[in-house]
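Below are two complexes that have subunit A in common, paired first with subunit B and then with subunit C.
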Partner chain A sequence: MKDETSVLVNIIAFLILFVIGIYIYSVAIDTGAGIKITDNITPTMRVADKYLNKNVLDDNSTYQWGGTAEDTAANIVTSVVVDYRLFDTTLEVIVLFITILGFGFVIPKDKRKIIKPTTILNRWAPILMLLMLMIGGYTFINGHLSPGGGFPAGAIISTAILTGVLTGRRTISQKSLKIIEAITGISIFSIGIISYFLTGSFFQNFILNDKIGDLFSGGLIPIFYGLIAFKVAAELSNIYFEFYEE
Partner chain B sequence: MTQVFILSSLSLMFIGLYGVLTRKNLLKIIIALNIIETGINLLLVSFGYIDHGITPILTSQESILNLNKMVDPVPQAIVLTSIVIGLGTTAFALALAIRYKITHNSISINASEEEEGRGI
Partner chain C sequence: MNSIVFLVVIPIIAAFLSLFLGKVNKLIAYIVTIFNLSFSIVVLVSGKIPFNVAIGGWRAPYGINFVVSDITIFFLLLINVAAVLSLTTIKEHMEYQFYAFYFILLAATNGMVLTGDIFNFYLFTELTTFAIGGLVAYKRDRLATGASLKYLILSSTASTFSLAAIGLIYKTLGTLNFADIASKISNLNKASLSLILILFISSMLVELKIFPFNIWVVKAYDASIPAVNLFLHGMVSTAGVYGAIRILLMVFSKNSIMLSQSSNIANILILLAFITVIISEIGALTEKNLIKVLAFSSMAQLGIFLFGISLGNYEALKGAFYIVISNYFAKFVMFIVAKNYSVIAGSRNYEDMKGLGRKYPGLAIAFTISALSLMGMPFFAGFWGKLSIVGNALLMDKIAIIGVIIILISSVIEGVYYLRISHTFFSDGNIQDTKLSRINCVLPIILAAVILIIGIYPNSIENIIWTMINEIQNTPEKYIQVILPLK
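Up next is the complex of A and B:
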């Protein structure tokens, strides 16, 4: 075919990559001096030990189920994402925002053909949207107790809006999406500034004395996850609207 | 078991690299880049793997006693970040592909005949 490279080039590329791959694999499983990734390293030998035992601030602190601790989220991945490494997450939200901004500049604004939706999709869309919004809400409210959180919840909520876009219904205008995005983005950082004035460090948790395992626990984690969910949902819905511009 | 993870993630990465090097269709290149990203995410998660580990979620007093059996939560948190960024960059790449299609009237990255004729 004219559009694809010749068979010879394909074979040469395959052979070169095969040799490089075998070389890297043999280095990865090599047995020499030092720590290897194939060694059975438990989290007790890593920084994760502090996060699992929740004793980052005080070395000797312990905690019980139903008691209080320095971070009361039952899901430890969540406590790493939204408490111990919150700077990472907020800067990631900024990176996502800049990507979507660049996307909005780059995508050409022209007329595109829109396929008319079938009757089945048209009838089922409201029911599907309702279910997806419910699951999305559950995911970010329970982000600190069970697997889930703001980013998956945002993706699920934006999928509900995608269903509306596919059926040609304008469920929400692009202007209100931009307003939601701006409000949530500003609130995340203003909570950070509030906690700076209350506790003395940026993004530090100031809701104390809640119990591990409760629905209302984890301090600021559910608030941040709710804000992140709506921000991600607004940004992703923006992509769908841009791709499906009339 | 970690060797299986390393082997599978390395093969995913090199399948993606092969696609990037040999394909000329822009959409295929973007899909290949996504395959590389999946391989890297798998490698990152496998760094936290331990034999017979349990999920790092507290459910009762019993799970607090088993803290040293839990898998490492830090790589999982990092992969969560990288998946979302991957989605944003893929959307950006697709927008660039649409723009390329409009300006060059082709989705293939071959040089057009005019550009070839202009040759140095």
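Up next is the complex of A and C:
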């Protein structure tokens, strides 16, 4: 009986793949008119073009080092992620939050054996942790200037805590991780609400007139990146504790 | 009306607060849900519909926007009413995780309906998925964990598909905004459009419970607690139906002539709808577990809905809307009745519920009314839906006539198993102790009365449905120009 159902499931899976395969093949051989997936398209007439020149609202605004624009982050990826499409980024943070909350529910907990760390790891751990914290801090403080930002910075900071977990040091309790998570999460959305009361629309930047390239530029971007970094770090650290302890 | 974003932001903040509040959570859940419901009613009566909200101050195709149109506000009300009704079934104390999941689910389903951006829609779908995954696993036993994992695996695979589709849209059209896509879609190559559509549809079929992506449904309903059943039915399915209507009929249809224009995609959907209806009716016929019967039946109803929207006919679309509304109310009644009766009988098998209909006739009568409505008996809400779909499909080509036959046969099968259940309720039986308070009977009876009112006097809702169909018919004027005003 069991084999029969699995054969049936396999046939259905094969059929689905076959149908999608036909559609992909028809794209490959198609010669009709219109924009194709295989075309090479330049950024003009696309949303990205306005992002690159930073003239979404104001046609005179240009991307110039040391000047002002409608969004003053030097890193264009950052300006898209944390300014033009900020709402998506905040929701990504919620996705991480809900996944890790559900993680404790769905994955059954069983007893795990804890192996004692070697002396080398034990001695080096504090130095490693310090380095990780420094790199993580740099990554989110400079997220609007150079490649980096809240998510990678949070991951790097959480590796500092991972090092502590591996050597058996309790650097931070799970309760305080939860508090950090909630405070950062609430403040991200509170800033959104504050900007609604200040400017009339949610998540609008209300710190203006910075210069592109300054350390303190980009308006709210460094603040959001800092909050996101701490939130991601707290959430990822929660997973390590979840794995490590019964 | 920039404040519409509060519908998403307030539940999310409540989700963070719920980590610490313990017993107060139940009160907060009521406050937030009633806030959402009353806010949507305020929007409805404010008379500003349709309007567009740019989040972050960035105008439409560049930033993310929320759109409120006639369809949006209708589904928004359905979802928030469902949330309030489902909350009333929670009697016992729940852990804080339950409420955190619930708040995220509320925010995500509201957001799915409000958003006007395809990537934002994808993110809200993800949030719904993970919240439901957690809620289904709430019992923490073997069955619940298995069902939750099954759902998570299936919908994660599906979201990979939809992410691929979104990537292809951004590569070809260079935009993510619904209205912008809808206005540029006619420039797209036909084969490329078909590939994008088939990828996107296969991801949406998971929430719509259509074969072959519905293996999670029955297990998830069976394994979860009654309130989660209602969340799944009232919030997630309704949001999925909204997604199908908005994306298939308004965004990805050339010149709003609906799916029939995009070649054989519509035929594939009709075929899948047939298989769904047949499989789920046969499954329901052989099942003894009442919750599983209801799960199978809701799959069948969504199959009929999909058939209705794939026909490419506005009258049939009207029928599809009726099916959605009648299924929405009927399943609410049935799940609440099933919950109450299974508590008394001590089992979910309906053969153990003999005689309960004599002891609590209100619940059993409400159940029978909803069953008759789902079957499509005249003068019940479901009748007008099946009538419009069958009547208009008869005038169309061969494949639609096969659909008519399948729908009629499925109505007979539905009659067999639902009336068998109703008969069991009213037949002789002995019940030992009774601890059901009469207040539990009030809600199902009110909802059953709504079904009767819609059935006897369909004009009460016909106007609303025609306003929505009018929006679909005139997508360029009613939707695209609201978001992208002509310069």
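Assume the second predicted complex is superposed on the first by the 204 of 246 C-alpha atoms of A that agree within 3 Å, B and C clash if a C-alpha of one lies under 4 Å from a C-alpha of the other, contacts with A are read in each partner's own complex, and residues count from 1 in each chain.
Here is the rule we use: a residue touches a chain if its C-beta (ideal position, glycine included) is under 8 Å from a C-beta of that chain, and two chains touch if they have at least 3 such contacts.
None of the values given here were measured: they were computed from a predicted structure.
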Query raised in the report: Touching A:D214 in the superposition: subunit B (first), subunit C (second), both, neither?
Result: neither
Query raised in the report: Of the two partner chains, subunit B (first) and subunit C (second), which one does A:W65 touch, if any: first, second, both, or neither?
Result: first
Query raised in the report: After lining up the shared chain so the two structures overlap, which partner does A:T99 touch, if you call subunit B first and subunit C second: first, second, both or neither?
Result: both
Query - First (subunit B), second (subunit C), both or neither touched by A:Y23 - result: second
Query raised in the report: Can A:L52 be said to touch subunit B (first), subunit C (second), both, or neither?
Result: first
Report task. Name the contact category of A:D88: first (subunit B only), second (subunit C only), both, or neither. Result -> both
Report task. Find the residues of subunit A that appear in the contact set with subunit B and again in the contact set with subunit C. Result -> 20, 24, 37, 41, 43, 46-48, 51, 85, 88, 92, 95, 99, 102, 106, 108
Query raised in the report: Which of the residues in subunit A come into contact with subunit B in the complex?
Result: 3-5, 9-10, 13-14, 17-18, 20-21, 24-25, 28-29, 37-38, 40-44, 46-48, 51-53, 63-66, 74-77, 80-81, 85, 88-89, 92, 95-96, 99-100, 102-103, 106-108, 110, 145-147, 149, 151, 155, 212-213, 232, 235-236, 239, 242-243
**Report entry** subunit B - residues contacting subunit A, complex
**Finding:** 2-3, 6-7, 10-11, 14, 17-18, 21-25, 46-48, 50-51, 55-61, 63-64, 67-68, 70-74, 76-78, 80-81, 83-85, 87-89, 91-92, 94-96, 98-99, 102, 108, 110
Query - Contact footprint of subunit A on subunit C as seen in their complex - result: 2-3, 5, 9, 12-13, 15-17, 19-20, 53-59, 61-64, 97, 100-101, 104, 107, 111, 119-120, 123-124, 126-127, 130-131, 133-134, 137-138, 140, 145, 148-149, 152, 168, 171-176, 187-192, 194-195, 198-199, 202, 212, 268
Query raised in the report: Which bits of subunit A are touching subunit C when the two form their complex?
Result: 12, 16, 19-20, 23-24, 26-27, 30, 32-37, 39, 41, 43, 45-48, 50-51, 56-57, 83-88, 91-92, 94-95, 97-99, 101-102, 104-106, 108, 178, 181-182, 185-186, 189-190, 192-193, 196, 199-205
